[in-house]
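Quick one: structure below, then a few questions.
Labels run A, B, C and D following the written order; every chain starts at residue 1.
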Amino acid sequence: MRLKLHTLACTTVLALGWATGQNAVAADPIKIGVPVGLSGANSVVAPSVVQSAELAVEEINARGGVLGRPLELEVADDGSGAAGAKKAFDSLIYQKKVDVLISMETSAARNAGLPIVTRGKTPFIYTSFYEGRSCNKYLYVDAWVPDQQVAPIVDFFRTTYKAKTYFLIGSDYAFGRGMLQFTRGYIEKTGGKVVGEEYLPMDGSDWTAIVSKLKAAGPDALVTSTAGGAPNVTLTKQLRAAGVKLPYGNLAVDEGTAKSMGPDAEGIYISGSYFTNVDGVKNKEFLAAMQKKFGTGLKTPNDLSVPQYEAVYLYKAAVEKAGSTAADKVVPLLGQVSFEGPRGLIRMNKQRHAPLTMYLGQVQKDGGIKILESFKDVDPGDQCPSLK
Amino acid sequence: MTDTRRDSDLRLVLGLGALALASVALGPYILPTFLINSLLRAILYAAVALTVDVLWGYTGILTFGQSAFFGIGAYAVGLVFTHMGFSASHALLALVLSLVVSASTALLVGWLSFYPGASPLYASVVTLALPIVVTQILFSAGTFTGSSSGLSGFESFDISIEIWFWISGTFLVLLTGVAWLFVRSDAGRMLVAIRENEARCEYLGISVSRLKILLLMAAALVAALSGYLFASMQMVVAPEYAGFVFGTELVIWVALGGRGSLVGPVLGTLFIDVGSAYLSGNLPYVWKLLVGVAFVVVIVAFPGGLLPLPMALLRRLRGIPPPARGRGPMLELAEPRALPGLRGDSASALVLEGVCKNFGSLRVLDGISFRAGRGELLSVVGPNGAGKTTLMRCISDGAERSRGRVLINGFDTGRLPPERCVAFGIGRKFQTANTFDSLTVAQSLRIARSRLERPWLLHCSRTLALPDAALQVIRATGLDEHLDMAVRHLSHGQKQALELAMVLALEPNVLLLDEPTAGLTKAERTLIGRILRDLTEHHGLCILLVEHDLDFVREVSSRVIVLHQGQILLDATVAEVVESELVRSIYAGVGSHGESPS
Amino acid sequence: MTPALELQGISSGYGEALVLREVDLTLAPGEVLAVLGKNGMGKSTLLKTVMGFLPLAAGQVRLFGESIGGHPPHVVARAAVAYTPQEQALFQDLSVEDNLRLGLRRDRQLRVGIERAGEIFPFLPQRLAQRAGTLSGGEQKMLLVARALLCQPRLMLIDEITEGLQPSVIERLSVALRAECERTGVSILLIEQNVGFARGLAQRYAVMKRGELVDQGAMHGEDTAARIAAHLNV
Amino acid sequence: MSATVLDIITTAALLYAVAAGLLIVFGVMKIINFAHGAFLTVGGYAALAVTHWGLNPWFSLPAAFVAGCACGMLIERVVMRPLYSRPLDAILATWGLGIILGQLITLAFGREVQFVRSPLAGTMNFLGTAYSEYRLSVVLAAAVLAGALGLALNGTRLGLNTRAVIMNENLARALGIDSARVRFGTFSLGAGLASLAGALITPLSSVDLNMGVPWLVNAFMLVLVSGVSLISLGIACLVLGGAQVLVSTYLNPILGGLTIVVLAALLLRLRPKGFSRD
């Protein structure tokens, strides 16, 4: 009887597998897989990323699709982590049989997904800024890396505030450590000095000791690189509550978070490749289209969602140039095509990464961001020298 | 169990195993790739869930920390392959590392969690802290461990998905089979014994702490091996595989599948993990809520998990009765052996010198000193509250005394725990029958023998060798007719007799008996008296007997100690004590309310 | 007259194992009944069953005519039943005063109650702030009896109160309980191994063996002493 | 230096506020309430709702307390009561409840990290250092909380009944105390206190689903080392919280995050009674 139960179980698994497998037989549309952190740490920004991808798909389909085929989004929750990403990537590549993956994810999720991407031979455009040097035959990146982002803030602190000593605070994870490691190098290269570098676990929310150390060290400026969302907020709040009024560069705050943080965020310097008030026709059109499509449900577009939007267009260009969605043809072309988007002309031609126009901004009282300076076509530097 | 029944059990396992192996072999040819990929992960998770089930479902140790060992196994692969490159010898190095590190971590955790008297809650919280500490270490080691991003892109075994499926599938099937045989084996019954009655186990000379630590180490090794396979196959490691969220998910899968059933947790893990792989794509917003609700409902309404439900239904539909009970194993006479721990030069079997016991300001025992030799049956009498049971405890557990010395066969018990005192040749029967309710008579006796005869790890012995004295008790009380009956179905008297037999199975030469005849019939009492006399006269045992029944005392004792308010009032022959009016008055309160005798 | 306590064929135990088997027993108002027997015979189980700590496997429990089978202990207690368990009968870490307070449903009657307790055991009012666990064994038992009397019970269930006590203390307890019986007419079900104490208090006795009542009779009958001695093997 | 002292005191106060509710539930029910973290989160979102309605931020404290109590009552009735006789299962069930509560909150409030306004911004000069006013006010709040709890437990009849159930449930029942009602009240109060603590930490923290998690394990450990006494809980918070601040300040904040857990585990191994008196 136990035997029967076992066979029953097996057949159910089989049936389940078949049924879902059948659904996934490639249909007419070109499928874009978006594994994204709908739950977990990235759940804060993930909705805005999905929205911008939806807009791109809608716009392209309205103009006849790609090679006459409509685009279709397949969103999957990666839980903002490795285990979830494994499921999401497997599901998208092997069950939904997507033609490409375009998405913003945590580094852990990206790393977990890459072996599956390689095995599944699927092009993957990564649209999140990250700590850099992730290289894979199928991977392209259209967002910034530390080489592009850190310089504007440190340069500004040095020239405007004559800052010589810096204190660095981060979350203890790859991005936090990677960014601050680069920042320290850059500060020391340009003649400054780091008087303290402190980390708190990623889920930590009690910055008490670090804030006290910061106050005791008395630096000229502060640069932070925490995990997005909660740690960033708790740190800023606790800095403000402790009366810290130093020049404060935050490498991980996005525009939406800054806005909702209210008066605590005022005066923070941030650097990025996109803010909503970036000049340019393309950005105005994009914002208008987003507003029209999502109305009151609109999540503020940001430095993660705009690269997502542009990446869909970059993929379209590559497919059209290749005349096919075949991975072996599309992958090399992704580094050659370009697209004029809200952030300007984007081309992922530097070792799978993109030179970007970077902006230095400061958060205003109303939560908006005032752009102080812009830097044209900042090079991502050596990211993947072995890949062309 | 009879031979035929055991054979049919074995056939069932082999049949099921063969069927499972066949599904594993055929899987890659008939299942879609996505399902194969999902199953690959789930199979290894299921292996870890199996260890959670053995620890929690069978032994009662609720653990949230098995993920940490999985993570250790995985990171051994990730770190070695990333920093040293892949080669056959490095693969071996990673394997050794993963096993050594996980086993030593388990040793440390076990030492922390399983000290004598530790609460199970404390052990659970330590297992909760373990993955938190491990992930924090992984996070803070920067580029060495890849911090939050984990390690990815390292080279690994160049093996196709199909072969990985065969490897991990076979691993799980074999593991489940071995675990199945283990929990049903003589050694595996000890897990249940520990869960049901730790104190009795300790007084049977079983070091519960050591066993639990060994079990945790074995579970850690299996989890680390699963992690090793996982990282080699998936070519990625990340801190969350060692994290406490994964650790608690394992517990949830085990609970939903049906704890204490091995197959339930394995199926539960496979279904839920594969199911959630489908659902996280289709129902990303609510699947967590669904799992949470299902979990709470199962805990509240179906504590046995979901597996027993379809089983019971099937059984009802097909009208199959629950498996019938066979007979127990064959009883045998154990080889006579030199009594363990017996030191030739010691004249007295039991010596107490100035033993005191305080509870706070209350002094329960006050300077008790006496000697008892071999072949002596010493009765301790006295009214309730005189400190008789406390005296028994102080003799058999070194940590109990407040002051004084206890020598058993010339060995000073120091502050040793009961299981070490047993090794000096002491056996203690508790006041109320203290047995293992859900084990059978034969299994209980086997556990009592485990100190002297290492039990089989993977099967049940067909014979049960007991010393002559234990056999006598069993035969005389008719327990040999009920060897395969669960202890909870025995009568009160039978339980008392069983416990006595269990203690005798230890082959002690100092026997502590706390009211062995309470609740027994006249006939049973006479029988026990005869056995006790025989034990002292023919086997040279030294027996210390606490008893209320003065008639019984008179019948069996060679000497009597009268205890009153924590002090020895009289240490004399039976005749002297029986004739003492003083004893009658303080003992039973029948006499006058005279002045305080102390 | 309605009996204070009436047990009809009650059986109960722990899990599957029955400890009490079909016990019948009646206690008249104002009567003291001593249940004698050796350890492990089910005497304490009898009281726990009446209090509602153990489920009834069979039978009826009536308190002053009302069926209370299946009621939880606090409901039974509130029907003016005072129960003094054999072990862990006091809150060791609470003060003497708090232990007394807990004998009452409301704090309002506390002052009067303490005065009355002082009349019976004069040491109590002076030691109100002391932790109960630091009292001597005998003082603890006196506190226990004082607390039981405080709620002016109609029925008392007393479990081996004399265990390990000096005769002088036993005597004081005996006097206190006798006085209460005369004053209020409380009924007492007494579990005892100390036959002398039981004899001084009870009008009737019952002997329990292996969960059954094997003998009942008047405490002060002619052959009582011999019969009890025969049952108890003393 | 004085900043470190203030850090220690304020950290201990926060820990005390967070752990008090857990301690009470542990005392009466003998279970560790894994849903405690979720109740903290409930408090955070109650504070958020108060902010949304434009009420005075101080109002979030009573609002959170009420919301937490309400959740506690419902859960006690529906889930906890059938599990009284199975304490290990009850622990597991509270874990599942944590998941459910969290998911329900996301359905209602969305997944974003959100913020509430601090009722006290600024710093004040205290012992020569400019120190966060709000953190200092938390010390006051924790002191008031401790005082109120102490008074309720030691000064009222209800508190006496509760202590009686904590010390010896069967004896309390034999004396006419309805322990089921005490359990109900305690669980609800524990949930309310957790929620209150959640509202108390939100001005220093964000409001999101996982806001309770970092506090949860530390709170477990503190409760386990303090037995069931509010006073030894205070000592434990000061000693272990102090150790955490010192390790964070003079060694490394990452190690600091593990200090309470590791020290508490070792302490319990060496002295199973922890900080409790005997």
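Observations
Assume contacts are C-beta pairs under 8 Å (C-beta built on N, C-alpha and C of every residue); 3 or more make two chains touch, one makes a residue touch a chain.
Please read these numbers as outputs of a predicted model, since none were measured by experiment.
In terms of C-beta pairs in contact, the better-connected of the chain pairs C-D and A-B is A-B. Computed from the mean C-alpha positions, the centre of chain C lies at a distance of 42 Å from the centre of chain D. With centres defined as mean CA coordinates, chain B is found 51 Å away from chain A. For the pair chain B and chain D, the distance between C-alpha centroids works out to 35 Å. Distance from the chain B centre to the chain C centre is 39 Å, each centre being the mean of its Cα atoms. In chain C, no residue reaches two or more other chains under the touch definition. For chain B, the set of residues that touch two or more other chains comprises 136, 139-140, 285, 288. Annotation for chain D: residues touching 2 or more other chains are 254, 257.
This structure has the following touching chain pairs: A-B, A-D, B-C, B-D, C-D. For chain C in complex with chain B, the residues that touch the partner chain are 15-17, 38-41, 133-134, 136-137, 160, 162-168, 170-171, 193-197, 210, 225, 229, 232-234. Interface residues of chain B, counted against chain A in their complex, comprise 12, 15-16, 19-20, 23, 30-35, 37-39, 41, 136, 139-140, 142-143, 146-153, 161, 234-241, 246, 263, 267, 270, 274, 276-278, 280-281, 284-285, 288, 310-311, 314-315, 318, 320. Those residues of chain D that touch chain B in the complex are listed here as 32, 79, 82-83, 86, 88-89, 91-93, 95-97, 99-100, 103-104, 107, 217, 220-221, 224, 254, 257-258, 261-262, 265-266, 268-269, 272. Against chain D, in their complex, chain A makes its touches with residues 38-39, 43-44, 46-47, 172, 198-201, 203-206, 208-210, 212-213, 215-216, 229-230, 233-234, 237-238, 240-243, 257, 260-264. Those residues of chain D that touch chain A in the complex are listed here as 3-4, 7, 10-11, 14, 111-115, 117-118, 121-123, 129-135, 201, 203-206, 208, 210-211, 213-215, 244-245, 248-249, 253-254, 256-257.
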